[in-house]
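What follows is a pair of complexes built around chain A, which joins chain B in one and chain C in the other.
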Partner chain A sequence: MTRFRHFIAAALLVTGGLAHADIAVVTNANSGIAQMSRSDVINIFMGRYRKLPNGELALPIDLAPVKARFYQALVDKNLAEINSWWARLVFSGQASPPHQAETTAQAISLVVHNPSALGYVDTHHLTSELHVVLVLHE
Partner chain B sequence: MAHLIELFRTRLALRTAAIILLMVALLGAGFLVLAVEIRADSEQRAQYTRIEELLSTVERTTQIACFLGDRELAGEVADGLLVNRIVREVRIIRQTGDVLADARSEQGRTGPAISRAVYSPFEQAQPLCRIALIPDQQRIDDAVFEASRFLAVALLLQLAGVGLCVVLVVVHFVTRPITGISHRLSRLEAETGHKLQAPRGNQHDEIGQLVASVNAMIDHLVSSLSEERRLRLEREVEERRYRTIFDSVEAGIFELDGEGRIVVANPAFRRLFRLAEECDPVRRRVALTELAGDGGPSIEELVHHSEPGRARQWELALGSGTLRRWISILLNRLEEGRLQGVAHDITERKMATDAAERLAITDPLTGLGNRLGMERRLAVIARHHRLYPERPHALVVLDFDHFKHVNDTWGHQAGDRVLEHVAALLTTLVGQRDYLARQGGDEFVMVLEGQGQRDQVAALLARFIELLADPIELDEEVRIRMGASIGVAILGLDTEDVQEALHFADQAMYRAKRAGRNNWRFHQTTSELSG
Partner chain C sequence: MDGRRVRPVGAWRYLLSLLLSLLPVSAGAQALAGNEPLTVSGFGTLGVIHNSSSEAAFVRDLGQPKGAGEGWSARVDTLLGGQVDLKLNDRFDVTLQGISRYHHEGDFSPELTWAFLRYTPSPGWQLRAGRLGWDSYLFSESRYVGYAYPWVRPPVDHYGILQLDYIEGVDVTYRRPLGSGLAWAKLFAGRSTSHLVLSEALSAEMDISNLYGGHLNYALGPWQFRASYARADSDADFSVDREAFARNPRTLVLNTLIGRAFDYGAIELYSLGMTYEQGRWQVQAMQNRSTTDSEGVIDSGFVSLGYRTGQATPYVMFSRVRTSFPEIPAGESFRQRTWSLGMRYDVATNLALKTQLDRVHVIRPGLLWRETDADWEGDRITLVSLGLDFIF
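This part shows the complex of A and B:
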């Protein structure tokens, strides 16, 4: 199984490298989550659900350099719209926006050290500590 | 109410307006129903469009509420919608059946719900919940009613306006001209030749035609009135003329009723019938038969004289002796139960006629009948004998012996004297109903009516011969004795024919002459003679 995952990661790397860099949604390798659907990802990043499929309290992490590309790929909205969305949710006190990571390393570090973290990185920066649950093509 | 009905009955304008208004109202009601229907429909649709718009307005917020499952936000949305008065209830229900919001207002009625799916704001194809909006039907109905009422009021105003206009138009264009004509007509003096004037502006339309027709009728009436008057005058003149004739004419003019009583009689009639001045036949109703007596028309004849145009005449005698007067009455039927009569005094004419008649059949010398008289008498006898064949009559022919000798010797005056004497003799011998005639010369004929007994005839003749034997005194010196040969035939015994009887009597007379004169012979058949 691990072998297969590696193979996919390698394949993704090759194809991504050739065309455009895709964005991979990643979790801690020990999270126990094999895969997530796009809806699952949307529900967590847009503040609908606070829990991961494994029942852990979710900790979504935004990565500033990729953030615009990520939301564009995920819900087809620009940053202004996303900000406006969160502004509304925050105002009503219903939910809080994802944690902000300034760099990829910071984001990876957060995911690696936090089993309930859910982050995203450019596929170029995938490391073996990260577990890819969904790849977003641009 | 009765007043109103009376007003409607007498006012054309009101009636016209009422009828037109009624029709307009009926049409208007139809249109109103249609308009209200359409208006209600569009109003309903407008309300629903509004509701749809409301839903669109709150869609994004609803999406968020649904996406987050946020009851507060959903409740906010529902309350916000309820602010609109046409919204009665709002329900937001998640796909799982979880009710996010259910808000309602207490007033109004529930209308049919408008429901819409709410999708995720991030995934277009994923429905998260449904929002159902139930409108307040009461509000919608009120709005529809409001719109309809506006239409109705507008229509009503229009109706009133139309009615008013119709009344004004009818009053101005129809009623007033007609009233004007009516007033002028009642004041019009048609006989002076005045004409009815059409109201100004109406000369060429139907009212003008009406006026023209009325004028034509007035003309016609006036002309027939004057014609009537002329005829009446004419008739009066005619009447006077008739009256003058009636009063002054010599002929008696009278009229009878159905029972033959005098209804009208002129003065001449009174004179003719010697009616007293004070006797008014008209008042007393004298019957004509009473005045006329015998010879006049009988009551039956009067009553049944019913052929119009055919006159009938009677001649009747009034009085007796020298005062006897003859009156002719000519009756004409005027109409049923009415006879008109004319009476003339024909006494003179009658007497003249009678005298002439007598003269024609009389022998001027002897005063006996002449040949014409004899012939007439024989004709009467023949007719009589045909009717009563069993009754015989004796015919006697008498011829003087040697009468020519008397004439030749003593002259015609002597002959005439002899003839007069013999005629007087014969007259004394025969009865009232027997007839004597001088046939001419010295030949006499006697008709003894109803006489069939030869012995009686013989006795009469014997007496005659005996009387004749006395000498006739011609003058103081001359006295002559005459003889006569007489032949007798009896009609009914010897023959049935009058002329033959006369012939037989003649033959018998000649036999008497041959037998020695101054005797008589009865007719005998040839066998009797030879035997």
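This part shows the complex of A and C:
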């Protein structure tokens, strides 16, 4: 009975943990990048400095269903603020925004087929083809 | 009807029909997606302003011949911009931008603001050539993109007097991490033409040559700092509206003096700027000093503080400008300061509504006001503005 109770408690912990999943910032498994700092990721996704730790020009990929949570966790900004930021950069001819993926499958496919892609997925959707360089806790 | 209260109805209709035709497609903010080699995007503002003063008409910058007189006007802030970005390959891309707004020709005829080729040989380097934005002041290049900032318009005291719509030339930017932040430097060189309307009766076409300068930037966490310098030779070609002189001969002396202030051969600009954006807080502060070879000085600056709560971002701003031209009598120097209180409300992720109250204290009148009498001694003027900013 006690064992059973422990099992229930553990199950609750696991599902509780899943309900509040984190966001993994991912690269191609062959990118040769071990991990990245939060400021590297901010520089790339905010269009400031698009250099990957391996020296390549980064190709950042936004994922529509996770985008709002990602920017809230990364820079504490909502989507209106993110669009406002990009309006400034795009219409002053300084930088172009990240590629927009509509589905997780699209984002994963882009990362898997492009060694300089930098994407993000819900930690639920991690696959073995992806390499996690940073985890954002919400 | 009083001439200064005529509204540009044609332009309104044109902007509205364009807006209505574009908004339905813009739901996903296509503008801000880097997916396709060719992107067409745009921005715009529908703005109205109410001026409390019957003695002076408000302009947004020295390029606008007529201002917003007593009552409501849509002239000064309403605009529409369109942009085409074409990615040729991983290293080369082309950008074209045009803006339709009320400007020196006295109408909303569109102007080509950018047309440049960009070369990005590595993540740290960027070179551009063609018609480029001029960004000696932080936000100068995006000052018509209302959706990009909290205010109805950037502070006129600071951005209204010395601006170039574009430069024709080249610039190079170098970026690298420094300490735990990011540093970048930009150098530019080129030429430009600037149209200033100094009063109803006097305008100047400024031929700006040997224009060069640059800026150093450092971003660390929520902070960003910029120090910039620019210099240029200037050759002013004045044109006088004799009818306007005839209507109000007392402005003759004032115009002559203002004209002399802008008849300089060279100008140098120094500017410091900082922004702080942490979570809900947004702070911007800037200070400029420009000096001419005829010992003219233009000082301006502003501080703005905003706080986002839900979809609303209320803000408060203080700005001021002070000019001094020793060659003309001290009384003709221009001084004013402005307190602004406003709010941005994000209706959608591509649409923002704004309202702003400006209390302008014109201490010494001169520039930036239209249809004033030569003996106007300045005043406290209240402006109320409403704006709808969108991107597509």
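Definition applied: the second predicted complex is superposed on the first by the 119 of 138 C-alpha atoms of A that agree within 3 Å, B and C clash if a C-alpha of one lies under 4 Å from a C-alpha of the other, contacts with A are read in each partner's own complex, and residues count from 1 in each chain.
Criterion: a residue touches a chain if its C-beta (ideal position, glycine included) is under 8 Å from a C-beta of that chain, and two chains touch if they have at least 3 such contacts.
Just so you know, these numbers come straight off a predicted model, no measurement behind them.
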Superposed partners chain B and chain C on chain A - clash or fit: clash
Chain B versus chain C as contact partner of A:48, first or second or both or neither: both
Partner chain in contact with A:92 - chain B first, chain C second, else both or neither: both
Contacts of A:83 with chain B and chain C, given as first, second, both or neither: second
More chain A residues in contact - chain B or chain C: C
Partner chain(s) touched by A:39 [first = chain B, second = chain C, both, neither]: both
Steric overlap of chain B with chain C in the superposed model, located at which of 55-63, 109-117 or 505-513: 55-63
Contact residues of chain A, present in both the chain B and the chain C interface: 39, 48, 85, 88, 92, 94
Residues on chain A engaged by chain C in the complex (per definition of touch): 39, 43, 48-52, 55-58, 76, 78-81, 83-88, 90-94, 96-100
In the complex with chain A, residue positions of chain C that touch it: 29, 31-35, 39, 41, 43, 81, 83, 85, 87, 90, 93, 95, 97, 114, 116, 118, 120, 122-124, 128, 132-133, 135, 139, 141-142, 145, 147-149, 175-177, 180-182, 184, 219, 278-280, 308, 311, 346, 348-350, 352, 391
Chain B contact footprint on chain A (complex, rising order): 39, 42, 46-48, 74-75, 77, 85, 88-89, 92, 94-95
Contact footprint of chain A on chain B as seen in their complex: 64, 67-70, 72-73, 120-123, 126
